[in-house]
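In order of appearance the chains are A, B, C, D, E, F, G and H, and numbering begins at 1 in each one.
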Amino acid sequence: MAIVFQKTKGLTEKQTHYCPGCTHGIIHRLVAESLEELGLLDKAIGVAPVGCSVFAYDYFSCDMQEASHGRAPACATGIKRVHPDSAVFTYQGDGDLASIGAAEIVHAAMRGEKFTTIFVNNAIYGMTGGQMAPTTLIGQKATTAPLGRDENHAGMPLRVSEMLATIPKAVFVERVSVHDVPNIMKAKKAIKKAFEIQMKGLGFGIVEVLSTCSTNWGKTPVEALKWLKENMIPYYPIQNFRNPEEVK
Amino acid sequence: MAGKVTFDENRCKGCELCTTVCPVKIVIMDKDKINIKGYHPATVKEMDKCIACGSCARMCPDVVITVEKL
Amino acid sequence: MTHQIIMAGFGGQGVMSMGKILVEAGLKEGKNVSWLPSYGPEMRGGTANCSVIISEEPVGAPTVTEATAAIVMNRPSLDKFEKDVIPGGDLLINSSLIDKKATRDDINVYYVPANEIANDMGSGKIANMVMLGAYLKITGAAKEDTIMEYIAEVFSGKKASVVPLNKEALKRGADCIK
Amino acid sequence: MAKELWKGNEAIAEAAIKAGCKYFFGYPITPQNEIPEYMALKLPQEGGCFLQAESEVAAINMVYGAAGAGARVMTSSSSPGISLKQEGISYIAGAELPCVIVNIVRGGPGLGSIQPAQSDYFQATKGGGHGDYRMIVLAPASVQEAVDLVQEAFDIADQYRNPVMVMGDGMIGQMMEPVEFVEIPKRQLPEKDWATTGLRGRKEHNVINSLYIEASQCDKHNEDLFAKYAKMEETEIRCEEYNLEGAEIVFAAYGTVARIVKNAIKSLEKEGIKAGLIRPITLWPFPKANFLKAADMPNVKAFLSVEMSMGQMVEDVELSVKGKKPVYFYGKAGGAIPTPKAIVEEAKKILGGAK
Amino acid sequence: MAIVFQKTKGLTEKQTHYCPGCTHGIIHRLVAESLEELGLLDKAIGVAPVGCSVFAYDYFSCDMQEASHGRAPACATGIKRVHPDSAVFTYQGDGDLASIGAAEIVHAAMRGEKFTTIFVNNAIYGMTGGQMAPTTLIGQKATTAPLGRDENHAGMPLRVSEMLATIPKAVFVERVSVHDVPNIMKAKKAIKKAFEIQMKGLGFGIVEVLSTCSTNWGKTPVEALKWLKENMIPYYPIQNFRNPEEVK
Amino acid sequence: MAKELWKGNEAIAEAAIKAGCKYFFGYPITPQNEIPEYMALKLPQEGGCFLQAESEVAAINMVYGAAGAGARVMTSSSSPGISLKQEGISYIAGAELPCVIVNIVRGGPGLGSIQPAQSDYFQATKGGGHGDYRMIVLAPASVQEAVDLVQEAFDIADQYRNPVMVMGDGMIGQMMEPVEFVEIPKRQLPEKDWATTGLRGRKEHNVINSLYIEASQCDKHNEDLFAKYAKMEETEIRCEEYNLEGAEIVFAAYGTVARIVKNAIKSLEKEGIKAGLIRPITLWPFPKANFLKAADMPNVKAFLSVEMSMGQMVEDVELSVKGKKPVYFYGKAGGAIPTPKAIVEEAKKILGGAK
Amino acid sequence: MAGKVTFDENRCKGCELCTTVCPVKIVIMDKDKINIKGYHPATVKEMDKCIACGSCARMCPDVVITVEKL
Amino acid sequence: MTHQIIMAGFGGQGVMSMGKILVEAGLKEGKNVSWLPSYGPEMRGGTANCSVIISEEPVGAPTVTEATAAIVMNRPSLDKFEKDVIPGGDLLINSSLIDKKATRDDINVYYVPANEIANDMGSGKIANMVMLGAYLKITGAAKEDTIMEYIAEVFSGKKASVVPLNKEALKRGADCIK
């Protein structure tokens, strides 16, 4: 009898506080599995954001720091410079990374900080109850965009991967999704690759993961996966934007 | 190619994601049960049909499911 | 008389709106009222609760630490709030979902099978109104009529059809109290 | 208008709109989210503009720009977000711009908790930002008072060209209470002829600025600011005195804690102990005179400051009382709320000791 | 006798505090001339940054605000939302805009704020005495990069225009230089166009102007112009990156 | 080692390196630029790492990360930059991380001036950030003392797992004075077994965090923090007493102002007036006992706090003196520096009045 | 096509930028003079050669120069 | 004796290094010293100054508001600092660049054509050393030998050639004082 699938040691036993069907849970698992499979659990240091994944420090079994809102890349910079041989990652939501933390992520990329960012784009502020994020789609309703995002008032959604891919030292930039099993497998591959690139010291790597927020989208978890596929992917294409030659 | 799936029932949040990805459509919600979280947990009724593909487990956000190949 | 009530249950069981309806009715009756929700990160499936005060006098602290009554809709809420009821106060337990009994004997305990009654009425969502009906019967904190007056205001026009259902729920809840 | 039930945060937002606030720049944070959410819905209907900023830092600087442009403008946040605004607040105070800043305080330090707290008292009243400056800090104890104070806050800000903070705790923001929106008598306000509106025919360009590169000029600017602050101290102090007559012990408490203290006072009364309360409504300027007067009352044996903090306002109470009577402190922090019972016990302990 | 060139009314009589030969002075003049020529002086509101151009509020004859370091775009957003018919501009250095103010400029662009940013890139922190900027070139010495900028330590210089050009609502993005007269004329044209686009309400516009800092580069003003041409332009090509169709 | 002339900022940087500081994250701002510049040159030579952050906000969060990872780490800035760090400082205090923060204070508020000032006293000692927390604040009066205190600051930080601030003014940073780098006796320090180093065989994962979502836990965390602060108050107070014997008036002054006051004391002596000085070296914990003792001396008629601010430390002097003697204030702000002459006049005015 | 250039001498900072752009090379620094700022100001010695191209004025960071066409 | 000196001039005239050299010499002679520069935004062409103290006693305030001497290298500095010299103190004026005379008569005023002398020596940059020479002659705040000892330390090896030039400048400055 062979194990096809079981819980990775990269996750603690703690049950998550996430809403039913929240894909944060899947993404956690992919990160944890990647660390385990690459043998990095023993030297990994993760940085949790402020957002729904604020308690990520309770869920990953490696060493963890909880950063202030948006500053995970700065925090990770401090950590990685102290322990250059560690596997450092930030796990950040779209409010955290693309809004308040925009300067920090751009500059971590510019400096080519040798850590990995897992960027969970669910097009909304989950934790605080559904406010507009920089990534909220045009027409998408949010509590601070009650009539839907209006491009004349609030602009067009920010495509973070496309933007960061203009920065030379952002050597690995890829957007993935977790709305079905094949995409989950691809997402895992990208995350693993990002860690490999980090350990080779090639520069900064980021994996943008499209994720759902059924609670604040006002949908069932199953409907939310469909909405992601039909609405987010057309604007946020699933794609690799940058790859260091060495790991192609 | 028979498989066996096990549910860590009290972790289940009843989100139903696992039920949508099973190629043989055997994962269902157990409407007769309520777990300690207050949800109807997912379960498999016709285990013998399982092909141990692992999809249900990979889709589950709450690592409820373990899959074995017999 | 000052009614200081804690209402608690799973998110989705309608404990917040149960509290709001009660304070709206209290206000209509010229009482001083306050409603204070618990708030927290989005932990769905966690418990939610609110503190409600209805009083002849100006409301002091909006927090309820010495409850004249507690309405608990699920097991964790019973565990958490039983101790906060003052001696001689009332504890209303949703016996449909809570199989445990109260442990104190210096308070009045009522078991209301709210979900069963609500399901029986064809709408599981209305269990909160069943509990509220029971509570009103016990304490008279507000008149059933005032509650219904408020509900009729909120559900006017197309939604008016739900008004009788609410009335029925209040009544069925009250009937549980002998 | 009859009384209606309003959630504190929404009532604050509505009061601001009624006071003519047309611009709101904010960033989400619990427990004040209903303020921006209400503004997002309602301001556009009033011909105003709600904008979610990219951060609290950006929000306060948008406020700076809009206030400098002559608008009635507001922002709101909660503790960590207010910390991020400190540089901006110092700039606004330095450039003498009128605006209203709401802080719905939560437990700290750091990420802390999101439950009600009063631990930003020092930050608000002494200056969390750099340099010497002051804001008027208004601390409502009920939703009704929040509504009244918010309406006046805009006038105060305009009158003095100064930022005004409305500081509540998570309870004020989250609870529902009956409210009546009574129009507050409007003040006689100076024209905003200093605002950057574009010249539009004006001869001299207007400049909004806080830089005084010559130390002597910067010193002079500080003197001018403090002359203005002295005027505020003369005219803007607000305070509620409760049950002071014959009180053996006088509580100091503000905001919702003052209400909890009132419950405690009633309990003490039942036990035959007379207790009173001084409730500062303006945390700055602080009602020093009220405390000093009470300190001179022979019946008063001691003061007890009760706060949802580890002890902050208590320093201002001590400074006011000038050593005439002992000053004690009781508090809970990090989002925990003092109970009337604990307060009663603390008071009895003190009186036992003081006797 | 015809006037070929005289001081624009867009500048006050105040003499600048800039070092001899500092091209900030040229750029000021171009902005002021553009405002005058477009008839916008009467409804212009400028925002001065923190940097060598901190006193810009004394030099432009229109209404001015002095913003905190990096936050000029937020300040300008506040102003423009209050006076939508005004001509609002920010004038910012590379430390101000590309370092501490990176989030603010990205988000002003994302929202498509209808103001114009004049971005003075001199590859150094001028005001504070020559520290490294995000735009400092590889190998270029700075007081905080005493051996020259090392890409492995401090990353590659940030190309702001290229990055912002990925943002849909940044409708006008152009890089110019002022190291000689023909380029000065081109720079003027770009600045003027940016204001025209603003007045048409098309979105956010930015003109990046390559500028010298002879003092902190340790060169004479004349040498500095040459250094700019030979070192900055190869990395920061003079180019239009985005143009709204309507004004092409 | 013989005495050498050092510029304050560079001496501070060198002292930090000598104390084992290996990481520095900062952002340029006058008048402290020589600190990062010195670090940029020297830290790499020591196998350490200097990084210019994109902003003060980023810098303090890099410090958070590095401190959490177990390093000796420092940042420095000046007033507006320190305001931007307030959220981060609150997090560092909340998560109990050791680090050293240098503030070379300049005139405010807002952009203010860049000249020497002491107007960030409240921010540093009462908490410019949100929530209840404390830092040890060391205020050197000479370059030599800056060197000594910086070296010890790292030990203090590690001993208590707490941020320590070294606060000087523009003069301390910019002036040159003779310095001798004497090795400060190292303290017995606890192991950093809480640091996030990667598990490296450790069984339990380490977590650096300041979030306590349950109010009761957050309250408990605050209680624990304050128990620690109480320990600091017991053991870490530093203070210089000067010329107190027979003094009619006692000055309170810290940093460079204390030196100006000493000049004034000599002038007063020449005029036959005996004056003394209490110079807090730790601004927090404040040397309350020293002031109280002086207040009980019959010869002392009054206290005069002299500051480069509009009056901040004076509140702590008043709190210490408990109303036993009158407390006065004299100050200049915005970068202006009090002259010995003006101080002498102020003292004479007070003594005239007090007599 | 003769031109006339006028220098607001006391504004001049002696940076020499104007001297590098004159197509007829007539703009020079007046080493005999020191203005109130303490600099040798720029000047034109052979004014009759000026073609009023305006380059010197456009290059000057300190709006020292006015150019007229005669 | 406590020497409290203000040195002031255009940026580039070497007033800062003049001050530094003096305090280094003072330190060598076992005195207490301090040196405090003015600092400001990069306004080249503006004036720079420093406050220097050399004393037998510990140095109090590093700021000099009552100067025992002022050395002014340009006109704005004269205007600014003349008033700060104590009665009986010394004011040294760089008469090469300052055509104005001092207005006070309660102080000792010396006119030193520092730039002319320096130019005459073939190095305009050395005007500051000329002024320093004059100052030392007047006050004896430090010995010329100590100054030269320090200069020899700084300019060792290849740069040693400038040492005699400095020595000469000090001497020529001193010679101006009769």
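In the analysis below, contacts are C-beta pairs under 8 Å (C-beta built on N, C-alpha and C of every residue); 3 or more make two chains touch, one makes a residue touch a chain.
These numbers come from a predicted model, not from an experiment.
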item	value
Given subunit D and subunit G, the chains that contact each of them	E
Reference subunit A; chain at largest CA-centroid distance	H
CA centroid of subunit A to CA centroid of subunit F, Å	40
Centre-to-centre distance between subunit H and subunit F (centres being mean Cα positions), rounded to whole Å	34
Multi-partner residues of subunit G (at least 2 other chains)	13, 39
For subunit E, residues that touch 2 or more chains besides their own	19-20, 54, 66, 68, 99-100, 102-103, 106-107, 111, 127, 129, 134, 153-154
Multi-partner residues of subunit D (each touching 2 or more other chains)	30, 51, 54-55, 57, 80, 87, 91, 95, 110-111, 114, 209-211, 213, 337
In the complex with subunit C, residue positions of subunit D that touch it	3, 5, 30-31, 114, 170-171, 174-178, 256, 259-260, 262-263, 266, 337, 339-341
Subunit D residues touching subunit A - in the complex, by the definition given at the top	27-30, 33, 36-37, 40-41, 50-52, 54-56, 80, 110-111
Residue ranges of subunit F in contact with subunit A within the complex	23, 25, 49, 51, 53-55, 57-59, 61-71, 73, 87-88, 91, 95, 196-201, 205-211
Subunit F-touching residues of subunit E, taken from the complex the two chains share	50, 54, 66, 68-70, 95, 99-100, 102, 125, 127-129, 131-132, 134, 143-146, 153-154
Interfacial residue positions of subunit F with respect to subunit D in the complex	57, 79-80, 82-84, 86-87, 90-95, 105, 107-115, 117, 119-120, 122-123, 126-133, 209-223, 225-226, 309-312, 315, 318-319, 321-324, 332-337
